[in-house]
Amino acid sequence: MTFAGHYAYFVTILLLMVGLFIVIARSNLIKKLIGLGLFQTAVYLLYISPGKLIGGVAPIVGEGFEVYSNPLPHVLILTAIVVGVATLALGLALVVRIKEAYGSIEEEEILGLDADDELKSRDRS
Amino acid sequence: MGAAAIGIARQRNLFGVVLLSGIYSFLMATLLVVLDAVDVAMTEAAVGAGISTVLLLGAIHLTGGTESKPIHKPWLPLFVVVVTGGMLVYGTLGLPAFSDPQAPIHQHVAPSYLNEGPVKTGVPNVVTAVLASYRGFDTLGETTVVFTAGIGVIALLRRRRPRQKFDDRDDGREGGK
Amino acid sequence: MSGSMALAGILATPLVGLVLVSLSGRWPNLREGITLSTAVVLFAQVLGLYGAVADGARPELVLLPMLPEVSLQLTAEPLGMLFGLIASGLWIISSIYSIGYMRGNQEGNQTRFFVCFAGAIFAAQGIAFAGNMLTLFLFYEAMTLITYPLVTHHGTDHAKKSARIYLGVLMGTSIVFLLTGMLATWVLAGTLDFREGGILAGQVGATGTAVLMALYMFGIGKAALMPFHRWLPAAMVAPTPVSALLHAVAVVKAGVFSVVKVVVYVFGTENLMSLGSADWVPMIAGYTIVAASIVALRADNLKRRLAYSTVSQLSYVTLAATLLAPISIVGAAMHIAVHAVGKITLFFAAGSIYTAAHKTEVSQLDGIGRKMPWTMLAFGVGALSMIGLPPAAGFISKWYILSAAMSAEHWTAVAVLVVSTLLNAGYFLPIVWRAFFREPPASDHHGDAHGHDHHDDHGEAPWPMVLAQTVTASLTIILFIYHEPVLKLARAVAGGD
Amino acid sequence: MRLDVILRVLAKLLIPFAVMFASYVQFHGDFGPGGGFQAGVIIAAAVIFYGLIYGLPSAREVVPDVLVEAMIAIGVLVYAGVGIAGLLLGGNYLDYFVLDHDPVHGQHRGIFWVEAGVAITVSAVMLKIFYVFAGRRRDAGGEGS
Amino acid sequence: MLSQHLPILLVVVPLLAAPIIVLLRRSFPSWLVATLASIATLAIALPLLARAVSEGVISYAIGNWPPPLGIEYRVDAANAFVAFIVSLIGVFVMPYCRRGVSSEVRAEEHYLFYAMMMLCLSGLLGILLTGDAFNLFVFLEISSLATYVLIAMGRDRRALVASYQYLLMGTIGATLYVIGIGLLYLQTGTLNLADLAVRLPAMGDPRATLAALAFITVGISLKIALFPLHLWLPNAYAYSPSAVSAFLAATATKVSIYVLMRYFFTIFGETVVFDARYTGVILLALSLAAMFIPAVVAIFQTDVKRLLAYSSVSQIGYITLGISLHSVGGLTAAVAHLFNHALTKGGMFLVLGGVVFRLGGSALDRMAGLGRTMPIASFAFVIGGLSLIGIPGTAGFVSKWYLVTAAMAEGQWWLAGAVMLSSLLAVIYVWRFVEVAYFREPPAGHPPAGEAPLSLLLPALAMIVACVWFGLDASWSGNMARAAAEALAGGWK
């Protein structure tokens, strides 16, 4: 880990951008969720990497170690990971239901189906 | 890792995507170990490479495997993404450099955890001490999130008899009238 | 009974009436009995307050602490007293009239009609005795809303469309202009209480005052200052008793009443005079008087003609109030009372004609005076009052306004008054002449398949209607001879006591 | 078929180890990496493994749905209950110091129960999600849609 | 002894109720527990509010760890007041659910529904009371996840898509928020909000602070549905079960608005947020756009639920307009409207729920002749509509009073005109309902529907009555709003 300065941040940002792009630009509902996961994991790095001190060790206190990495970001990110997977599970459950209700998991198609419904019901009434 | 991420963006076969995201998570976990975040690495490996992959595969199995070609040109999303990234680059330039021991995060709060945490809680793994005790309420919240997701999945995917499902769809039409 | 208790009673009575009427919808006789007795009780209560207020007492009642800084409160002062008396007194008469009208024409939704009627009177009393601008505004909006169902009463597309104009103009002006003006007053003056000499005196410069003046004058859409007068003719789709009580008396008088009140108690006449910020208002009012009269002259529909006459007459009050001479305020206050009595007579007559003969156009009225002498006599008296000729009360108020204009050396106003008097004569007298001196059309009986619908064999209207219009016509003449009580209140408003 | 047998035997052997590993992760969390969440995941994984090999119904027999749902709730209750215990013993919410005469022991006790709560909820939720997703496929097939 | 634990109890009571409900599984006991829990939260929120107003800031150290180390609950007049609003709405909505949900959610899923409601309530209250930036995120996620599920429980299949879209938007918003607080944490080393407020001016780098401000603002604005980030809201409100629409419309966005206000005024401070930056101007422009564009869209809706949803987006514009004035007066207006609009919109959605219960749908065409078939409900709905317009005598007028006087006091006279004009738009969309309900014949062939059952009607009426009551006597709510605004502007010192 010799690269210093802000390099770590930039890697994080790149990952984050890719993730966000997938969420917004892709039409497949599952792929969107994967993008969302990517987006979230990038944030983990944003928290963890500044907590590292070169020469430090994991924050498990023991004899013979002086410098420890910052434990707080680890705690936060543990929570964030769990939240992320919970969201993913819920999102996937929704996708499964959508597939059953619409027969598709492409956003464009689903919105098209909804628009058709709207038109039909308007004609009827 | 970056390559894996971009691969996820470009690949249209969803199985491939899931596989790539598993690899990505594994790489992420390795990186986290390097960054001394062993607890996080362990969890990321279990969650990212394990649970998420299984979940995604299960979902794909239920819904079908390929993505259709995007219809729109991705200019607007690209713009949003670039603005977000730009803002972050701008923001991080104002932050302390990597591994700077003088950075505020190493000066405030964290030293107290490291110094008195093991003494007061009797737990040498400071991460556990902070997780379960200092910020125990966060973890209660986290457990509640898991609980919520679990109950939510039950609510969404509870088994229902075919006839009821038919009614459901019919109702859907009704509501749109 | 203390003054504040009386105020509470005045506000509560129509409300109780409203509830009872809505509950007794299944028994029409009971329902009408309640309406009438509520009206009588209310009038008695308002009358009971007269003595004290005329002697200078100003009873107050705080209703609710609406906002931390401003509460809803009632205060009885002479101008409000005057308006309260008119509205409640004429409610009795028009209740009698409405009963005849609604039954005679077999209208639907009669319960809703009487409920809204009571509601409108409730709002009118609230406006009359409002102790501050916020209270006035509350009841002002309440009146708009409660009269909306009356305008849409028939539920036809035409009624709905007209009601949209009605609501649109009244709500639009009151929200965009009046509310803004009121809030600005609050921010600038720190109070909304009505105070002698005006709360804005010394707080705002000439330009600011002029802007505020514009917000108030156009915001009080019920005063029908042009170009925001369109709602009044639109409201004529309502059944005639509504037009009579509400759109000749309660609603429109609420408008001009608010104008006078704002000029006297918010701006202060002397303050306005020294700033000169209101000089443009008489011009607009004068224009409205003349323009509306010309429209009235050309209108063939009787109610439309009356509506435009109302637009024009309302601007007399606005004109008088903004001439800013002490005597002109007296004229304005007098005119509120006088025009109310006169115009309600005219509308009553129009409704009688419609009920008895199903005629709505001026050109159909040839010779009708012979079949309906009482109605047309009452109409004649009302018309005289509008024109301002003795022995009708219109003469008195017009006299005050004219002399105010003279003393203020406002020659435009004088000219407007003269021209409008001629115009008034021009659109009212032909009707009277037509009714009494023209032959009824002869061809009606022959070859008309729907002869029955034309009611050519009609006589007078049902007796409650005739009674009502006779009473108001008599009042018009009585007020000419004996107007001391009204004058006393009007003088008190002008601060001449 | 033979492969199947091998798997079954393997599973029988492996599952106890998995559970042991889970409890190691659970209790060793104080000294090394690990804790309730990770332990919960491993326990769930063991049962899921069992389910994959012996089939969903037999997994459901071993760990029935109702029990899983109850466990989801019980985990949260245990965690939040520790907090309430703190309240009742005169401390603030989630105050472990008051759980024992010795504050450090109190902390130990608190952390133990809290982690147990996490493990219970997490394992149950993971298992339930597996049940639901896996069960869904069968239902979807059964409906012939 | 109990009184000192009020802050935490407020959150833990509904949080405990959820697993208990899951254990109970039966519909009726679940409902009973949920209702009792929501009544309990109100019973806790009221004395808490009283204490916060009289004593100022109340700090509660969870786990007895001193604040920057442990998580702190920090209560003042502002969040206590919003917490009061949320629990009040809960008390109105929960009794309503018993009947309201029965027609929209299957009986064996009722306990899941109530558990979700409790989690949502607990999450929202947790967001309000916490004094820790990250803890806020955790509770934000609890409430969000519960919300997604509740929306997806709607009968229409479009509810699923609405829920999914909200899930994406909400998660992006929450993640942006996490990035924002990450940037703050990296500058100051603390997550405690009060500590942040102290340390940020001393240590923060302007670039990182600005970025953090941007991320937090955008992230929270997504949850607020601030125009143009509101796209998820109309569908989410329109297709979720009626009780859920009412609850969410009255609470979820309001809580997020509180968070935004807290960050703007207490954490970053006015100097960072408003002075020499365009935050105020941007917020003002967006608020104005929100006041007009969605209101116009609302006019053209054919479905009353969607109409109300768009109206919500528009009304949020009033609140953010109050924030953008960055004065105590403006904040008072914002908080007052938060309260008044919660009552109004919650009440209207509840009334509408009763109507949907009888008619089977919320299309405007179905409501023809409603004034005759359901006189009480339509009258109540119209009263709510008047409050949206801001007719005096309703709660909506009080907010308008505060908003416009605040704008005028800042010398922004033209804003007064803008507010008035936008309320004219409200007149139009409310009057579309009035004309259909009162002056159109009921469709032939439909059996005449009576009033909704009492268990639906009473809570709805109670809210509408409250809406009128607080319009006629706003001395209490006005004073509370003022106290809340002063608390926000005064910081957590």
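Some notes on this structure:
Letters are used for the chains, namely A, B, C, D and E, taken in the order the chains are written, and counting of residues starts over at 1 for each.
What we mean here is this: a contact is a pair of C-beta atoms (placed from the backbone, for glycine too) under 8 Å apart; a residue touches a chain by one contact, two chains touch by 3 or more.
These numbers were taken from a predicted model, which means no experiment stands behind them.
When each chain is reduced to the average of its Cα atoms, C sits farthest from chain D.
In this view the innermost chain, defined by its CA centroid being closest to the centroid of all protein CA atoms, is E. Each of A-E and A-D has its own count of C-beta contacts, and the greater count is at A-E. Comparing mean CA positions across the assembly, the chain most remote from chain E is C. Here the CA centre of chain A is 24 Å from the CA centre of chain D. One inter-chain figure worth recording: chain B and chain D are separated by 20 Å, centre to centre, where each centre is the mean of the chain's CA atoms. Our note on geometry: chain B versus chain E, Cα centroid distance of 27 Å, whole angstroms.
Taking the mean of the C-alpha atoms as each chain's centre, chain D and chain E sit 36 Å apart. For chain E, the set of residues touching two or more other chains reads 15, 18-19, 22, 62-63, 134, 138, 141, 145, 148-149, 152, 157-158, 179, 185-186, 191, 363. With touch defined as above, residues shared between interfaces to two or more other chains in chain A number as follows: 16, 20, 50, 58, 60, 72-73, 76, 78-79, 82-83, 86-87, 89-90, 92-97, 100-101, 117, 125.
For chain D, the set of residues that touch two or more other chains comprises 31-33, 37, 69, 72-73, 76, 80, 83, 93-94, 96, 129, 132-133, 136, 140. Contacting chain pairs in the structure are A-B, A-D, A-E, B-D, B-E, C-E, D-E. Interface of chain B with chain A (complex): residues 1-2, 5-6, 8-9, 14, 17-18, 21, 24-25, 28, 31-32, 34-40, 43-44, 47-48, 51-52, 55-56, 58-60, 62-64, 67-68, 70-72, 74, 76-78, 80-82, 84-85, 88-89, 92-93, 95-99, 101, 103, 105-106, 109-110, 113-114, 117-118, 124-127, 130-131, 135, 138-139, 141-142, 145-146, 148-150, 152-153, 156-157, 165, 168-169, 172-173, 176-177. Within the complex formed with chain D, the chain A residues making contact are 58, 60, 78, 82, 89, 92-93, 96, 100.
Every residue of chain E that touches chain B in the complex is listed here, in rising order: 15, 18-19, 22, 62-63, 65, 68-71, 106, 108-109, 112-113, 115-116, 119, 122, 126, 132, 134-135, 138-139, 141-142, 145-146, 148-149, 152-158, 176, 179, 183, 185-191, 199, 203, 205-212, 214-215, 239, 360-363, 366. Across the interface of their complex, chain B is touched by residues 29-38, 41-42, 45, 48, 69, 72-73, 75-76, 79-80, 83, 93-94, 96, 103-105, 107-108, 110-111, 114-115, 117-118, 121-122, 124-126, 128-130, 132-137, 139-140, 142-143 of chain D. The residues of chain E lying in touch with chain C in their complex are 386, 389-393, 398, 400-401, 404-405, 408-409, 413, 416-417, 420-421, 423-424, 427, 431, 435, 438-439, 471-475, 478-479, 482.
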